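These notes open a run of structures that come right after.
In the two complexes that follow, subunit A is the common piece, with subunit B as its partner first and subunit C second.
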Partner chain A sequence: MFLRKDDKITTTQAAIFLTDTVLGAGILTLPRSVLEAAETPDVWLSVLLGGAIILLLMLVMVKLSQRFPGKTVYEYSRSIVGTIPGAFLCLLLILYFIIVGGFEIRVLAEVAMLYLLEGTPIWAILIPFIWTGAYLACGGINSIARVFQIVFPISLFFLILSYAMSIRVFEPNHLRPLLGGGVMPVIQGLKSTILVFTGCEVIMVLIAHMQHPERAVKAVFAGIGIPIMLYLFTIVMVIGGMSVDAVLRSTWPTIDLLRSFEVTGLFFERLEFPFLVIWMMQMFCNFTSFYFSASLGVSQIFRIRFGPVLFALMPVIFISAMIPKRINDVFQLGGAIGYIGIFFFALLPALLSAIYWIRKKGLRQDV
Partner chain B sequence: MFKRSMRRCCLLIAAMALISGCWSSKEIEDLSMYAGLALDVGDPTPLERELERKGATYDKKNQITATIQIVPAHSSSSNQGDSSTKGKVPEFLNTTETGDSLFEIMRTYSTRRERAVIGHHLKTIVVSNRLLQKRGIDSIMDFVLRDNDIRPSCVVFVTEGRALDTFAKNASGTVPAQQLRDFLRNRFRTNRIMEGVNLTRLDALMRTRQSFVLQNVVAAKGELELSGAGVIKGASGKWIGSLSQTDVESISWIRGDGGGGAIKTYDWRGEPIVYEIESMKSKQKAKITGDDISFHVEIKSEGRFIENWDIREDPSKPKYMEKAEQLFEERLNAMLREFMRKIQTQYKVEVAGFGESLRIQSPKTWKKVKDRWDEVFSEVPVTFDIDLHITDFGSSTK
Partner chain C sequence: MWTKVLSYIPDWKTFMQAGLVLLIPLIINFGYNKISSLVSNKNNPAKKTTAGDTTAPEEPLSGEYERDLEFLKKTIGTSSDVHFREFQITGLNVRACLVFVDGMQTVDFLNTHVMQVLMREADPQLREQGRALNTPEFTAHLKEKILPLIDITEVTEKLELTQSILKGFTALLLDGMPHALLVGLPNGKTRAIAEPTSEALLRGSRIGFTEVLSENTAMLRMQGKSENLEMKKYVVGSLLKKNLVIAYFKDIVNPELLHEVEDRITKIDIDFIAESGYVEQLIEDNPLSPFQQVQNTERPDRVINALLEGRVAILVEGTPFALIVPVTFSMLLQSPEDYFERWMPGSLLRTLRFFASFLALMAPALYISFISFHPGLIPTELAITIIEARQGVPFPSLIEVLILEISIEILREAGLRLPKPIGPAMGIVGGLIIGEAAVQAGIVSPFLVIVVAVTAISSFSIPMYSAGIALRVLRFVGMLFAATLGMFGTILFFLLICSHISKLKSFGVPYITPFSPFRLQDFKDLFVRAPLTLMKRRPEMMKTGNRRRRS
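Coming up: the complex of A and B.
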């Protein structure tokens, strides 16, 4: 039942998998975090620039992974740097996935407790999510990808619908002037925009499961292109609808944008509720992806069966979600994850690639 | 076989735990929703005084009096259902409490009303100018901005006089809090109604610390009228004065965001003639020479010659049209001059969007002056170029 050898996904599925992994809490936190990094309406340029940088980094990951067909990063890092250092690097990666997964559901729980389920204890929100995530991950990557395929169009539709409705409060002047502060703020904004792409490391796990690993580049372009566009859209609509100053004074700017207007005549008068409910599914996908990647890692490094690992990680994820004591800690953790993410985006693949290259060209060792 | 069906049974029973519904659900019948919130300077009502005399009080300073307008007020269980409006169910119920924390006041309502109040459907907030003279708008609005039930879509008004008077019962039987919000829909008819300032917008305005205006409400005998605007000084967040209805029109001309309205003036015989605004556009151009800032505002409008009391004139003649256009332009110019005098010399605030134009057109200059923009602006020369164009004279040629 667990992880059949023929458990492969198509290129489209890989792209959606990647999109769902990247797109999560960022939609809710990005507008303010990026404006805190650079107080200018030009930050949408930072999103584009950040996305482009991520795409380049991901190409490195893809090229590296393609050298080891059918192997995940957990398996091939061992053959590049040796068993112990490889396992160490991978454990770091697993830890990172666990923290990010915990963070994503924590953000989800925070927003749900504030706007939807006031009075419901946090464990009652987190635990069903972890259980359902485990149930989904049990089915292997194929079932995960299929659920993502079903959920993604729905959440995408509601996201676009919500933003389209916010046109009524959209004020182009909020986005002007273009480059009023020069290019420097755009560069400063990168600090936070690169971070919202955390999760793209799963490509190093994903390629091993692709039916056509040679098409991975295509999957990456689609899988990162969609989040770039959606993040761009988010920034433009949220800043345009609320102005830089209002975003900076709002805890959850995207939700507040939807709370700033009422749509009379539509089935929903207040869009934040359908949006939040639908976006929960998206965050669930997001979380499951990290959960799956972490479990797969543990199972491959220690050569334990996948099922027991999945169950063993449940409390670990729960604890990691519960570590931040207050909302400030949650946001701080979000920032910290971004910085740790840079290591995994850039340094890990680069390091592995460099060592691989030296060993292959320099020592001509069989790797 | 038996074992399997047992397992199935157990599974089904376990599944029931999941269909128990929403943990945090509250029956809507058990809650009272308030559509309006009126904030006044702390001054307990006679009823409150009596309650307090009988011991119904707690540790507080009487800084703020908050009135909530609960809709609908169920007459069946409400002891306030007065019999004077015979057979007619009161549409709303006002409850007033005084204290020094808005949140505490909100919770105190629970000791006076059987259904807990909930802020999801708050539409309108009216703040009295006296309260705004005492405390900055930042502190007054802090709770409503922070609360997770109150939506930032609700609109803020000011009133000269007591805010709770604006929530009084009126002849039409409508809910004043909802009525006020719906007034804003009439912007297409008159530019004396400003674009509503919702909490998100207010939040942004307060953060920039620039001065701004809020629509003013006047109440008399239970009737409401939107009239003019209250000026909030950015630096202190306090109310410093009011603008007339004509000034509000001037703001819309300068910003070019009015949806409709009229210009009335008098012709050479002193008879009224009226221009119906069909479109208005304006361009604020900032000119910067060295450290000197100046503005040039180009106003373009098209409209209809809609009313003429002077029966001796023939408005269908092109010559008359040109003369009328000039009269309307003069009138508009006089309006704008008066408005500029008010904001530049009387109040020394900038509330007509010149700051925003400067921010967009010359971000560097803006950065230098934004912290003392009100003072800087009071010295800035502003010139107008008005071009009104009468397109037609309606369905009567005479």
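Coming up: the complex of A and C.
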């Protein structure tokens, strides 16, 4: 097949899509939010544990989605729980995507205003970003996956480089004692670490667009494994480099870590700048993914063409990003998203699977 | 609780902004759709196939010498450059006429091989046959025994005869013979084969295409013998017809690609193809993209290499520039020399060119965003140096950069048009003196002169001239982005370009393959030019029939 008409992505692309969706604002917010939940250096264990839980939940989502080849969650939820409840559930999911998308770009704007563009009004940062995202999203999932494929290696390289450089301020004592407070703090940290994996629900949309849906499990392992490792790195390096107390006092601990040392002999003295540049590109991917998933959902539920939906969602996302009044609201929203996220992680797929299972059993008895 | 919810509802300003968020893209989208529907190639294939073949009803020659000659004189004889040379074949006592266009044949050849033979040497033989001038035997006799020419064609149609004469054939009319004979091949003056000027190489063949289609196809054949190299001829142009040849290896090329190329070529509907650039613009996928989607080259070795990768070449009569489709972004940064040199220097040059094209695109934008927005992010000492150098410059950095960038673009354009001996002098006057004077006058900072010079030199290092133009255009867009939003704007600009080229396709091949869709196999010929021993397969992206290059 030379001229492709179908809009399918490869397994690698799906894995990168997933990674880019999960890896977002969390890089900057995770260290503090998790330490606020459990004031212990053992929180890196929470990341691992949280990642493992997410992985299990995602397997449920994959298994469910694989039963409906070529269909997204927006389409098959209807056939599981009926048209109206299915549409309602999906609208909730779309709303969730929109709020998360708005949250992500709000974080981006806050960081940009603090470090890059002092005094620039927030709309001047948000609006071009939304437009650029829309331009990419209107190309369909294939173009999105391609851009992700370009950005991902660059951001991976720079993230690892930044963390590797910060090894010079790394102090292993900051991470000790191991399990000094027992296992409980680790469990407490869990609620905050699960939150950084928000966005992995897109797998329920993604599988429908995969060339080989049967390889989705592979894509999930890669697509979640990479963020787990990167988040783990982030936590370990930030806590190791700054100590628990310093992290709690800082708004954006990861950036503060990179500002705390100077690299001589390079063009840049501090790594914070290239890190921010790369992180913004990463955020772009992250945002576009949510934006695309939400638009696709609206278009599939209401059977409208994709293009107009894309346009219609632009102001919605903008307003959702403008709702938090100050930065503390943003962080609170981040926390709230986590709790809603748990519903979508755990309850929605489990609910759908259960109903599907019961209906299938029931059907079999009839036959 | 309600008051809390209410307090979070944004004020009317935000809603106004939200309206703008929607409105502006809608307007842009509307405009874009309008323009693209205007620009896009709306050729109707059905219309073309009927109109293309039957131009006029075929009308045979009458066979009477006087009437045919009269016809010729009436239709093409009014042009001053069409010559009629009437004479008598003495032995037969038959009138004859040679019709040809001035300057398109070798006169010596006609004198010695046609006139002399017919008027003198052929006498006795002709007299034997003389009685039956209008029989096929006589023509055969003329062809086989009398005229010492390789190429003789009989023409019976009026239209074909006039067109052949205008193409440069010499026609021979004989009283009593029912058809005309084409006796002399067209031999218009052509340029000698020369080194391709737009793609000079240090190492590699010095041969470049010329304006003659047959010579160009012959050059491709001369690259090596293969029965699989196939060429197909098409006629394009409705008013002035021109030959166009597509070349490919029939065992390598993907049939779907070939079909697509043929399809687009038959859809071409224009009165005249002046240069292969016309074809390029009429068959490309997206006319509104700043990036070229068809590669043009003067080098036969480049064409052959592309064909071996499974691409298709389009050669047009009258231009030394052949087209290669489909093209990917990485191809524009490749030079045949990469393969001729050993792999290490080749790889180094490749990587260098990627870096250079990045600089050519982004350097001024980065300069603006650092100077105007984030001087704190560059090392302190460097920042102090730059700012000291900029002291006294009365303009914001965008204007400063624009002054120099625009003047260097003008210089480049002017240098291109000037006669060769003046060009370098102009470069010295323009580049050195104006640059130096501008710095001393305090209009621009010396650091900027470095940036602009590096940018210009980087854009020269791109092997494809037309690819360089695209980057030159985009550079200005990048500068505007940087001037409005600093580094954030530069990132957005970069992401926009990424988004654009990831949507772009050239004949079904995504423009940025092999980056994405990711094809690890094809990375051997991207930043690094792997040793030839490792290049065992043809590019995966081309989905070729015959995959292996080495057994």
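Keep this in mind: the second predicted complex is superposed on the first by the 357 of 367 C-alpha atoms of A that agree within 3 Å, B and C clash if a C-alpha of one lies under 4 Å from a C-alpha of the other, contacts with A are read in each partner's own complex, and residues count from 1 in each chain.
The working rule: a residue touches a chain if its C-beta (ideal position, glycine included) is under 8 Å from a C-beta of that chain, and two chains touch if they have at least 3 such contacts.
Note that the coordinates shown come from a computational prediction; the quantities given were computed from them, not determined experimentally.
Trainee: Answer with first, second, both or neither: which of subunit B and subunit C does A:Gly225 touch in the superposed model?
Mentor: Neither partner.
Trainee: Considering only touches as defined above, state whether A:Asn173 meets subunit B (first), subunit C (second), both or neither.
Mentor: Only subunit B is touched by A:Asn173; subunit C is not.
Trainee: Contact-wise, after the overlay, does A:Lys325 reach subunit B, subunit C, both or neither (first, second, both, neither)?
Mentor: After superposing on A, A:Lys325 lies in contact with subunit C but is clear of subunit B.
Trainee: What is the contact status of A:Ala246 with respect to subunit B (first) and subunit C (second): first, second, both, or neither?
Mentor: It touches subunit B, and subunit C stays clear.
Trainee: Considering only touches as defined above, state whether A:Gly181 meets subunit B (first), subunit C (second), both or neither.
Mentor: first
Trainee: After lining up the shared chain so the two structures overlap, which partner does A:Leu117 touch, if you call subunit B first and subunit C second: first, second, both or neither?
Mentor: A:Leu117 contacts both subunit B and subunit C.
Trainee: Once the structures are superposed on A, label A:Asp256 by its partner contacts, choosing first (subunit B), second (subunit C), both or neither.
Mentor: Only subunit B; A:Asp256 stays clear of subunit C.
Trainee: A:Gly335 contacts which: subunit B (first), subunit C (second), both, neither?
Mentor: Neither partner.
Trainee: Tell me which of subunit B and subunit C touches more residues of subunit A.
Mentor: Counting contacted residues of subunit A, the larger count belongs to C.
Trainee: For A:Val147 in the superposed arrangement: first (subunit B), second (subunit C), both or neither?
Mentor: Second partner only, subunit C.
Trainee: Do subunit B and subunit C land on any of the same subunit A residues, and which?
Mentor: In the superposed arrangement, which is not itself an observed complex, subunit A uses residues 116-117, 120, 124, 270 for both subunit B and subunit C.
Trainee: For the complex, give me every residue of subunit A touching subunit B.
Mentor: Per the stated touch rule, the residues are 114-121, 124, 169, 173, 176-177, 180-181, 242-246, 248-250, 256-257, 259-262, 270.
Trainee: Under the definition above, what is the set of subunit B residues touching subunit A in their complex?
Mentor: 22-24, 145, 148, 151-153, 198-201, 203-208, 356, 359-361, 363
Trainee: Residues of subunit C touching subunit A in their complex?
Mentor: Within the complex, subunit C touches subunit A at residues 7-10, 14-15, 17-22, 24-26, 29, 254, 256-257, 260, 373-374, 377-380, 485-489, 491-492, 494-496, 498-500, 502-503, 507-508, 510, 512, 515-518, 543.
Trainee: Quick check: in the complex, which residue numbers of subunit A touch subunit C?
Mentor: 1-4, 10, 12-13, 112, 116-117, 120, 123-125, 127-132, 134-136, 139, 143, 145-147, 149-151, 267-270, 273, 277, 280-281, 284, 311-312, 314-316, 318-319, 322-325, 329
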